[in-house]
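Please go over the structures that come below.
The two complexes that follow have chain A in common; it is paired with chain B in the first and with chain C in the second.
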Partner chain A sequence: MLLFWIVIRQLAEIEAMATSKKVITREEWEKKLNDVKIRKEDMNKLVMNFLVTEGYVEAAEKFRMESGTEPDIDLATITDRMAVKKAVQCGNVEDAIEKVNDLNPEILDTNPQLFFHLQQQRLIELIRNGKVEEALEFAQEELAPRGEENQSFLEELERTVALLAFEDVSNCPVGELLDIQQRLKTASEVNAAILTSQSHEKDPKLPSLLKMLIWAQNQLDEKAAYPRINDLSKAMLEDPAV
Partner chain B sequence: MSAATNDTTITTATATATNNGEDLGRYFLERSRLSSARGPCDMDEDEEAPTELNTINSSGGFLVVSPDKLSVKYTNVNLHGHDVGVVQANRPAPEKRIVYYFEIFVKDAGAKGQIAIGFTSEHFKMRRQPGWEANSCGYHGDDGLLYRGQGKGETFGPTYTSGDRVGGGINYASQEFFFTKNGAVVGTAYKEMKIPLFPTIAVHSQNEEVHVNFGQKPFAFDEFEVQERMKLQMTIEKMSLPTNVSHGIVRSYLLHYGYEDTLHSFDMATKSTVPPIYVAQENGFDEHDILYALSQRKILRQLIRNGDIDAALGKLREWYPQIVQDDKSAICFLLHCQKFIELVRVGALEEAVKYGRMELAKFFELPGFEDLVKDCVALLAYQRPQESSVGYLLEEAQREVVADTVNSMIMSTNPNLKDSQGFLHSYLERLLRQLTACCLERRSLNGDQGEAFHLHRVLNTAGLS
Partner chain C sequence: MPTSASASDSSVAVSATLRQSDLLPRLASSDGVVQVKALRELKNRIIGNRTKKLSFIKLGLVPAVADILASKADAGDGRYSDLLIQSAAVVGSFACGFDAGVQAVLDAGVFPSLVRLLSHLDEKVVDAGARSLRMIYQSKLAPKYDFLQQKNMEFLLSLLNSENENVTGLGASIIMHSCETVAEQKALCQAGVLKKLISLLKGSLSQRDASLESLATIIKNNVEAVSEFVGSDSGRALRSVIELTKDRYPRTRLLASVCLIVIRNTCPCYLQDIGIKTKLVYLLLELHDDPGQVGDEASFAFSTLIAGSEDLQKLAFEANAIDKLYNHLQKGALHPKRVEGILLAMAELCSKLDSCRFKFISLKALDLVINGLTQDSAGVRAAACICLKSVSRSIKSLCAGDFMNEMIVIPLVQLLDDSCTSVQLSKSMDSDLRLNALWALRNLMFLADSASKESIFGELEASSLASLVSDSEPLVQEQALALVRNLVDGCVNCIEFVFAENGIILDAVGRHLQSIPKVEIGIQGMYLLCNVASGNEFHKEAVMHQLVPQAENGTQSFMIKFLQSSDSQLRTAAVWTIINLTFPSVPGAFGRLVKLRNTGIISQVKSMVNDPCLEVKLRIRTALAQFMTSDDGSI
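Up next is the complex of A and B:
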C-alpha cells in the first residue's frame, strides 16, 4: 500500500513537471513580436522567389517594376520553362521533349528517370487517343530497351501497357494513369529538372517557411503557452489556452 | 442634426485621425531607421569561437603548451589521479548555432595513452580528467569510455591512440554531445548542463602529445552540420499546409502594399493554370481592409518610386488632405527628405540646398527627426554620395520606405477598418515575425543555446538555413 502511494506521488510530480510550462501573455508576446525586425526588401525577395519558381512570369515582371526587386533568375527562362510545363499538361509530350532539348540537351541526357517518365507519358497519350498500333510500336521500340536497363522502368512500362488490355479504361486498376494528375506529376517533374539545371532551387521558399512556422510553434508548445497563429491564411494571434 | 453639430463631429474625427496618423507616421519613420543600413539585425553572428589553448588557466607543471598554443605535451611522471595535464580553449564553445565542433590529433600516445577530449565548465579543477568532475564530459583514449561527472565511465566507443584524429562536438539542436574518431561518429550523449562549456583536452602519461584544431585546418569530419540541417529540413518538410495557402499569402501581400499590376497578373495566371487556383475563395480571408483605396495607393507608390515627390504630394493633398495637413508631421518629413534626396540624385544641388532650407531646416533639433535630416544633408558633402556612408539614402529601398509609409497612412484612413492593426503589417510579415519570435523564445528556454531564425540568411542560402 505504501508503495502504491509513493508511485502515485511520483506520477503526480512527473505530471506537474511536464505541465509546468512557461505562460506568455498576449501583451508580453506582442512586445516580443514588435522587437522582431523583418526587412521589407527581404519580404519582397521572398515574394519574387515564389513568383519566379512557380512560373508566374508576367507577375514577376510587374513585381520587378512595382517593387524594384530583382528576380534571382533570368525571366526569359521562365517563359521557356512554363511552355514545357504547359505542353506536358496539355498532353503534347513530343513537343515538350523537343522544347527541353532546345533549352538544354543535358537535362534529359543526365536524367534517365525523367526521360523515361516523359516517354511513358507519351505512351499514355497515345493510348488515350486510341492509337493502339502506334502505342505498341512506341512501347516496343522506345520504352522496352530502357526497361531492360532498369527494373523499376520495366514495371512502370508493364503497368502502362496494361491500359491496352481493358475496354473500359475508366474502370480498370491502372486507370489512374489516364488521370489529369499523372500529367501534372510529370509536368512538375520536368519543371523541377529545368530549375535544377538553371542552378535554382526547385521549390519556392515561402511554403517551406510556412511549414517551419508550424514546426516552430509545435516545438515551442512543449515549453510554453503563448499566443499562436493557428490559421495561416488569416495570420491572427489566438490567445493561449491556460 | 443641425449643421453646427455635424461640423463639430467632422472636426473631432479629423483631429483624431491626424493624431493617429502622426503616431503612425512616427512609427514607420522609427522602424525604417532601425532597419536601415546599420540596423541591429544579425547580432548573434558575432559570437566568438575558441581559437587557441588557454595557457594561463592550464595545469602548469604537468604539461607544456607549444608557443602557437595549439598543442600540448605531458612532461611529468604521473603518480595519481590529481596530476592530470588539462588545458581548456581560450573561449567557451559558441552556443547560438546549430553545432559546435573541434578536433585533436594524437601525435604520441606516450607511456599509457591516457588522453581525453571533452568539455568542461569555466571553474573546472585543472588537475582532473574531463568527465571525472561534475559539469564536465570527456571521451577517454585508453578505455574508450565516456565520463560525465558520475565517477564511472560508460561504454561508448573504441579506444584511440597515436595517429588518430578525434573530435568533440555539441549539437545544440538536440542538446547532445557527440564524439568522432577518424571522421566517423562514435556516439552521442545527452547534455544536461546548460552552462558555457570550454573545449578541453587532457594528457596524463609521459610523452603524450596532442595537437588541437579549432577549425584553422580542415576537419577529418565535416559533414555533421550538413547532416543535421538536412535532418531538420526533412522534419519541417513533413508538416502539411492547407492547399494554396502560399498563394493566398502572396496575394494578400500584393494587396496590402498596393502592388496592383502584379496582383492582376497573378490573378490572371492563377486562374488559367491547370487546375485553376482560386485563392480568395479557398482561404476566405477578409479582403475589405486591404482592398481599400487600392488604385490610389498604387498610383502614389508609382510616383514615389519614380522619384516624382511633388506629384505624390499633390495627389495626397487632393485625395487625403488629412494625412499631409500638418507640415511638421513624420509623413511630410519623409516626403520632404525624399524630395531632397531626389534632387541630389539628379545633381540639382543648388535646388536641393534651397529646398532643404525651406522644408528641412525646421526638422533639425526635433527628436526622432534629426537623425535622418542630418544624413540627408550629409549627402551634399560628397562628390560621389552613392559611395559615402549615407549612400543608402540613394538606394531603391529608401523610396520603398517612403512609399510603404504613405501606403499604410492611406490604409489607416479607411473608415470601415475591421482590424485596427491590420494596416501595420501584412499577413506575410505577421507570419514571419511569429516564426522569428517562436525560434528566439525556444532558444531562450533552452538556456540561450541553438540557432536563431534569420529571414535574411534563409534568402541568401539554399534550403532553410
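Up next is the complex of A and C:
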C-alpha cells in the first residue's frame, strides 16, 4: 500500500515535468518510502480482512490474539462458511446445499444462478460416479424446470448432460466440467454469496491493492526508471536498469 | 433431453406426489424430532425450486406448517427453537419470489405467528421470523400497516430500533410496502423515522440499502419531508447519499441515485447543479451493464430522471444515451422486464426532442421496437407502443415516410384486438395496450398519405374502429376518436372511411357525443365531425343528421352544450364544425342553416360574439359572416 502511494505520487510529479524518462536511484526511492507513514493498525486490518474473507479461521483467531485486531465478522460464522465450501470442494454438494439452507434459507432462494450451479455440480458428481440413471432423473426433475425458466441455464444443462454421451469423458469437448477446477469455481461462488448475505465484502482487499500496485508500476514504467518490485511474493526492490 | 414444458412438468408433479406422501403425517407427528426432520427435508426440497413449491402448496402442506408455528410461537423457552426456526424458514421459502406462495402462506394465517416470533428470546428464532416476514413483504399481497394508528407506529419503531439487522430490514420493508399517503409520510417523519433511517445509512450493507429504499418512499412527492431530509445534520445526510452513488456495490449506487431523483423530482430547487445531473445520467446508463436485477431496474430509474425534463433529455442525448440503450436492446435474449424498461426509457428520450428521434431512426432502432410489438410479454408490447407513439411525434419523419410500412401498422392493429392473450392480462393492462397502440397509430396517421390510410383502414375494419370509439375506457375512446379524426383529415376520399359498413363509425361517434365522460373526448369527436363536414353535400348532411336530433323529442343537441362549454378548445371545435356546415355557395347551405336555427344552435352562436377566447371569437365572426351571406332575411 505504501509503495502504491509513492508510485502514484511519483507519477503525478513526472506528469507535470518533462517528457524524457527520469531516473530515480535506490537511495532517493527509499527516502521517499520512509517519508510515507502508514499506521500499523491499518496494515493489521488488511491482514485480518484477508484471513476472514478467505476463511482462515484459526489464523484469524491467532492473529487477533497477537495483534489485538478485531475481525469485522463473528468468527463462528467463518466455520460454517468453510464447512460449506469444503463440502463442495469434496463433491458433497447435497450436503453443502443443506448447510447453506441452515445458515440462511434466503441465499439459494433469491439467487437462482448460484442455485442452478450447485445443482449442476450435483449432476456432475452423479455422472462422475457413474450413476447414470440417477443423474438422468435428477436432471429431469430438478434442473429441467430451471432450464425452462432461463435460456442460459438450459444451455449449461445441455452441456452438462452431454457428458453422458461420451465413452471417454476425460477426452471430450465438455470434459472440463469434471475437472477439479469446476468444483473450486462453484465453491467460490457459494463462498461469495454467503459473505454477501452477511453484509461482508466478497473479495479480500489485499489482492486488489496488489493489482493496483502492478497497474501503477506499469504506468510509471513509461515515464521513469526506478527500483521496481518484480516478484510480489518477495517484495524486493530491484535496481532500475539504466 | 426432455426439456419441453409438458414432459418435465408432469414428471415433476408425479414424483413429487409420490415422495411427499409421508411428509404430511410426519409434520403432524407428536414427536418434535420427527417434525423438525420433516420440516428440514421440506425446506431443502423447495428452496430455489418454484415447481416444487407449487406442487406442495397444492398438496396442502402450508397449513400443516402453519399449525406448528401457531402452537409453538409463544413458547419463550429454547425447547422449540429448532422447530420454530425450521417452520419459519419453510414458510419464508414458500413466500419467496411468487404471489401464489405468499397467498397460500397468508391464507394459512401464518402472519400473526411470525410477528410473535420477533419477540422470542432466542435470537436465531427472531432472525428466522424476520427473514420470512421480509419475504412476504416483497409481495404486493402483504398486509399493510396503517401508520396513523399509534400501536402500529410503535411496532414499527421497535423494529427499526432493534439491534438485529434482519429486524431493522423488515421495518424498512414494511415502510416501503405500507407508506402511500402524504399523511402517512408526515406521521413517519414526526415519529422520528426519517432520523432513524438516516442513522441506518451508516449501518451494514443491507441496512444501508434498506434505508435508502425506504427514505425514497417517505420523501417521495412530499416537499416538507424532502426539506427535512436535505436539511438534516446540516446537509450531511444528503451528502452521504450523494457519496453512496459512488459505492462499490451496484445496487447501492442504484438506490442512492433513485433517492436523489426523488428529491429532485419532488423539489426541483435541490440538486440543480449540472455536475450532479450529468453524473446521474452517466451512472444510470452505466448501471445498465449489470446483468441482474440492478440492470433491469436501472432503465426505470433513468426514465423517472429524464421524464418531462427537456434539459435532462438533452444531457442524456449528449451522453449518447440512445446509442447505449440501443446497444443493450440489440443484445437479445434479455429478460422481458429489461426490454420493457429500455423501451420506456427510449420513449421518454424521444418524447420531446427531435434530435433524439432522428438519432433513434438513424440507428434503425425502429426494427427492435417493431419486434417488441409482437413479444409474449404484455409489458413489452405496451412499452413498444409507447415508444412508437413517442418517436412518431416527429413531424419531419412522418413527412419523410419513415414510419409508413406494414411492419409497423399490422402488429399495432393486431394489438388492438389482443384478445388471444388477454387471458393472462389484467384488465387494466389490456386497456393500456389498446390505448398505446391507438395512440401510436394516431400519430402515424397524422398527415399520412391516402394510400397509407387505405392500408391501415383495411387492417382495422370499420366495425372494430366503431367498437374502440365506444370502448369502456375513456382514454381509449379519446385516442380512437383522434385516430379517426386523423384518418378523415385531408381529401374527400378519406372522409368516406366513416361511411363504411352503413356509417357504423359515424353513428358510434354521434351516439357517443350525446354524453361524454370527459371534455377531451368531446374535442376529438367534434374535430372528427368538423373534418367530415368539410366534405361534399352528402358528408355535410350526414353530420347534420348526428347534430340535429331526428325525432323532435325535445332533447337538446349536444352542440349547444359544447358551445356553452367552459373549455375554449371544445367551443372552437364546435364553431369550426358550424362554419364547415354553413359554408355558403353550396346548394344545401341554406337548408342546414334553417335546421340549425330550429335547434337553437344559431342563436347560441350569435350570443357568443364576445367570447373571452380570441380564437373562438374570430371563428364566431367567420360563422356570423357566412350566415349573413346565406341569409334571405328569415334567420
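Please note the rule applied: the second predicted complex is superposed on the first by the 223 of 242 C-alpha atoms of A that agree within 3 Å, B and C clash if a C-alpha of one lies under 4 Å from a C-alpha of the other, contacts with A are read in each partner's own complex, and residues count from 1 in each chain.
Keep this in mind: a residue touches a chain if its C-beta (ideal position, glycine included) is under 8 Å from a C-beta of that chain, and two chains touch if they have at least 3 such contacts.
Keep in mind that this is a model prediction, so the values were computed, not measured.
Trainee: Quick check for you: in the superposed arrangement, does A:154 touch first (chain B), second (chain C), both or neither?
Mentor: Touch status of A:154: second partner only.
Trainee: In the superposed arrangement, does A:175 touch chain B (first), chain C (second), both or neither?
Mentor: In the superposition, A:175 contacts neither chain B nor chain C.
Trainee: Check the contacts made with chain A and report whether chain B or chain C touches more of its residues.
Mentor: On the superposition, B touches more of the residues of chain A.
Trainee: Of the partners chain B and chain C, which touch A:97 in the superposed model: first, second, both, neither?
Mentor: It touches chain C, and chain B stays clear.
Trainee: Which residues would you name on chain A as touching chain B in one complex and chain C in the other?
Mentor: Shared contact residues on chain A: 201.
Trainee: Applying the document's contact rule, which stretches of chain B touch chain A when the two form their complex?
Mentor: 31, 34-35, 39-41, 233, 235-237, 239-242, 245-246, 248-250, 253-254, 257, 259-262, 264-266, 268-270, 274-275, 283-285, 298, 301-302, 305, 396-397, 399-401, 404, 426-442, 445-446, 453, 455-456, 458-459, 462-464
Trainee: In the complex, go through chain A and note every residue touching chain B.
Mentor: Of all residues in chain A, those touching chain B are 22, 24, 29, 32-33, 36-47, 49-51, 56, 58-59, 61-63, 65-68, 89, 180, 184, 201, 204-217, 219-220, 223-224, 226, 229, 232-235, 237.
Trainee: Within their complex, state which residues of chain C touch chain A.
Mentor: Residues 1-3, 5, 8-9, 11-12, 15, 40, 43-44, 47-51, 89, 92-93, 96-97, 131, 135, 165, 204-207, 248, 333 of chain C touch chain A in their complex.
Trainee: Taking the complex as given, what residues does chain A use to touch chain C?
Mentor: 97-98, 101-102, 104-106, 108-110, 112, 115, 119, 139-142, 144-145, 147-149, 151-152, 154, 157-158, 161, 196, 199-201
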